[in-house]
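Got a structure for you, questions after.
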Amino acid sequence: MNPVIRWFHQMGSPPIFHRFADRWSRWLLLAALPFLAWGAWSGLFEVPADYQQGDSYRILFIHVPSAWMSLFIYGLMAVYAFIALVWRIKICEQLAMACAPIGAGFTAITLLTGSLWGRPMWGTWWTWDPRLTSELVLLFLFLGVIGLNAAIEDRRAAARAAGFLALIGVVNVPIVHFSVEWWNTLHQGATIKLMGQSSIDSRMVLPLVLVAIGTKLWFLGSLLVRTQTAMLEMESGKDWVKQIARGAHA
Amino acid sequence: MVRHADASISTASACLALLRRDLLLVWRRRGDAAQPLMFALLVVSLFPLALGPEPELLAKIAPGVIWVAVLLSGLLSLDSLFRSDLDDGSLEQLMLAPQPLALLVACKVLVHWLASAVPVLLIVPLLAAFLNLDGRLLPVLWESLLLGTPLLSLVGTVVVALTVGMRRSGMLLALLALPLYVPVLIFGAGAVMAAAQGLPFAGALWLLGAALVLAVVLAPLAAATALRIAMP
Amino acid sequence: MTPAAPPLLAAESLAFQRNEEPVFGPLSLHVAAGEALLIHGGNGSGKTTLLRVLAGLLPPSEGDIQVRGQHATRESVAQTCALLGHLLGHKGELTAVENLRFAVGLNGQREGTDITEVLETVGLAGYEDSPARQLSAGQKKRLGLARLLLLPSPLWLMDEPYANLDLEGIALVNRVVEAHINGGGAALITSHGAYATPAVRSRVLELD
Amino acid sequence: MVRHADASISTASACLALLRRDLLLVWRRRGDAAQPLMFALLVVSLFPLALGPEPELLAKIAPGVIWVAVLLSGLLSLDSLFRSDLDDGSLEQLMLAPQPLALLVACKVLVHWLASAVPVLLIVPLLAAFLNLDGRLLPVLWESLLLGTPLLSLVGTVVVALTVGMRRSGMLLALLALPLYVPVLIFGAGAVMAAAQGLPFAGALWLLGAALVLAVVLAPLAAATALRIAMP
Amino acid sequence: MTPAAPPLLAAESLAFQRNEEPVFGPLSLHVAAGEALLIHGGNGSGKTTLLRVLAGLLPPSEGDIQVRGQHATRESVAQTCALLGHLLGHKGELTAVENLRFAVGLNGQREGTDITEVLETVGLAGYEDSPARQLSAGQKKRLGLARLLLLPSPLWLMDEPYANLDLEGIALVNRVVEAHINGGGAALITSHGAYATPAVRSRVLELD
């Protein structure tokens, strides 16, 4: 068996995953805090005002990391869904489903901060620009996954159906990312690059990276917690859960 | 002595049997089948009433209104695609038949498109006349709908298949189908709007055509998979 | 039949769970050509679910299903089994003959059978052109039986075939099943256990 | 000894019991209840996609689009007004209750309006923003909808009551309701269009108001009679 | 009871036609306080239709209905009769108690009754807060009985109250009807005639 699959199968055992999540989620959430705090402080107070936009651009330090997160989480959800559908690994079904609400949250924040920022920049809260429209579609996809998962009574069948939808919707991710290149739009083109020269002030990069790392850590932590809760609920009849419950009471 | 399944029942003749049955059903239930047509007519004829009879304004928004009307009428008729088959047990029978489910699904989509979209396509000139659309735009509008409506039916089928087990799936269906419909609408109506402004529109139509070819191949497979996952 | 022929359908430690709640426990069963397996159990004991799992409509949570000694695939199940479920799969707007003609078009036809003759066998002579909607509940059930008689599948999965039928109808089911089994077919029949069952080689599986 | 019907159960408290039950049901089925809202949002957000983001054009047609969206969403939710009560037998119970049926029907219409139109009324500012509507027109639009939507619900109830016994009444319902809806649409959307052009619009609103008062009195009586006739 | 008291419900040469086809012929019947009238007849003989005509849901084609000796009006029927039909009128999303509370709010409450106690009487103690949707078919029927027990109407129109019930449930119906009749109420009960009926003063009307 492929070692990656074997690892998933091992982690797929609910009690083992439970212990793993118990150990790591706390540390991940704790580790996220300093990054977020430092990033926010640096973005708000250390970085100079923009020569065109004044201080209003500082919303960038929320907007851009959460936009990145919305795409990243969708991609991750699709990967989990793929594994769940092909190899029927229970834990991956629940991981994919746990991604959806967090992703929807980041997408909503992106839309909200973007339109707050759009008001001073473009003079309107909303236009039907490709980047904006495709990000709105992303929100609908997240909501669709959540809705489908909630609408089917059997938990495993629900997760599989919703995971399938997530896989279909994955075509939207490149559209969001490349829309600024494929169409001429109001929205900013790619300004920050991993490789090569970014076209923004290098002092702005640091807080951005800090917040980006902070949100990733926080996401992983809450993903573990959510999946753990979902598994406990699903397996509430099983012995290992009863043992844990008894332990908590004692 | 009981024989094994007669190997001579080819997939083609099974598809034909399904097509014949579904078309017969459309005919027997023609009151229901006329519903998308009525709905499209209704939406289109409400606009002149709501906006007042201002010919230029109506002509300007005509392609968009017609596209939205067609899209909504298709969306509302989607729900019935597998509903009656599920309720009376024939969906089970289809899934248990010794034939590729994807092909059977494709036949059902074809009938759905023939019954819900084609009648609307036929009255497009009437709808266009209601809204005062420039006659020269009619061919573009027609082509865009001819490419777009089967695409909508195909994409919608996947979504319906996913929600097949649910009693009241209306809203969820709309929520799930909308994101997938948006690009079709943008390119379809966009082509006509571009033509109206004298801009090139062939590109958008080509894109729709390419997407249609892709969907014809992939959507039945996806819908069959979705059915097997979501069958209650 | 050679004695070594593998059973038409066999299941090994089969179980199904819904939301981690067991619906039916791990059980094993097999049906060979020429015999009937009766599945008894009260309301909600999982009879219908078992039949749907065997037919491949639901994935089993555990265990393995074999058709003629081979791991069951969708094709092999479709070629071997015909299902008569709670829902009969008739279109109310189509006539009895049209419904049967479609079933035959989709699944193929058993050699030597004829739609009109089969309708007569199940007591629906004279109803050839009635829309299925106008048939009474018992007559609908008979139309379902006619479908089974027309299909080439050797194994019948029958979910409570006796429900809705009067005494004469129950006798009809038994007659038809007997003929099928004596002709080398097989049947898997669920029931509440309150009715007479056909006089053929049969075993009983109790669900609870 | 069995007593006769307790005379102290006043009609008012019976109506209250019905209102309480139906509101509770709306809450328990909130997924369904959100459907008209979703539909209106969907229709409104499809238009910019179909017409392209041209702010002035959108602003110009905004009142009409919003009115049509609200009207269609109400029309589609009408069907459910008596459907579930008929299916589970509570409609019979209502008709056999020692209370005037017209008042009970009025309570049901009120809940229908609260559940289907009020949420849409609340997001009208959002819909208006999507379509770039001039902010100064918002109050007129809002008033016209506030007067128009209960009128639509009341008129629609009579039609629904007439078709209550039919299984698939969707299309028939639309056909019957449409002619009655058209005047409401013309005056409602017309008032906003007039205001947009700086013309007087109070007359149209007064007319709507007068029609509403009349409908509040007559529609429940008509619907109750229709129910007694059409009950299968 | 004075001997001269008019019957609670009486009908004189009552008939109903659908599309000019007679559903039940001209018949006369009367039910007084303290007795039960059983209506027997096979499937499709018109029992349900008769009950609906008596309740005023369908207009009779011929004949006259009287309540306490007066020509029946909508109000007098509503005050006198309570219907337990094929459809029970429960909302699946509401709990047992919520459903009963609504029925009481709409129709008034019989003196000296209490929702929790009545639920106990019909064997639904412990299900107070279960949504009606989750009740089994037999439990739903019991909830319908609870409704009858709570309403002030003296005459119960019961359409096949025994359907869906197990033996214990049938005994319950009989117990409840007996108590009602011994308390001065009356009942009009349809059935296929296959079940035991309550041990009270009763007459039988045969439909065909």
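Letters A, B, C, D and E name the chains as they come in the text, with residue numbers starting at 1 for each one.
As a working rule, a residue touches a chain if its C-beta (ideal position, glycine included) is under 8 Å from a C-beta of that chain, and two chains touch if they have at least 3 such contacts.
Because the structure is a prediction, the values reported are computed rather than measured.
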item: Required steps from subunit B to subunit C (each step between touching chains, minimum); value: 1
item: Chain separated most widely from subunit B, comparing mean CA positions; value: E
item: Between the pairs A-B and D-E, the one where more C-beta pairs touch; value: D-E
item: Mean-CA-position distance for subunit E and subunit C (Å); value: 40
item: Rounded Å distance, subunit B centre to subunit D centre (Cα mean); value: 29
item: Whole-Å separation of chain centres (CA-atom averages), subunit B against subunit E; value: 49
item: Touching two or more other chains - residue numbers and ranges from subunit D; value: 31, 49, 52
item: Multi-chain contact residues (two or more partners), subunit A; value: 133, 151
item: Two or more partner chains touched - positions in subunit C; value: none
item: Residue ranges of subunit C touching subunit A (in the complex, touch as defined); value: 18-21
item: In the complex with subunit C, residue positions of subunit B that touch it; value: 1-6, 8-9, 13-14, 16-18, 20-21, 24-25, 28-29, 84, 87-90, 92-99, 231
item: Residues of subunit A touching subunit B in the complex; value: 133, 137, 140-141, 143-144, 147-148, 151-152, 157, 160-161, 164-165, 168-169, 172, 175
item: Residues of subunit E touching subunit D in the complex; value: 33, 55-58, 75, 77-79, 81-83, 85-94, 98, 101-111, 152-154, 180, 183-185
item: Contact footprint of subunit A on subunit B as seen in their complex; value: 158-159, 162-163, 165-166, 169, 172, 175-176, 178-180, 182-183, 186, 222, 225-226, 229-230
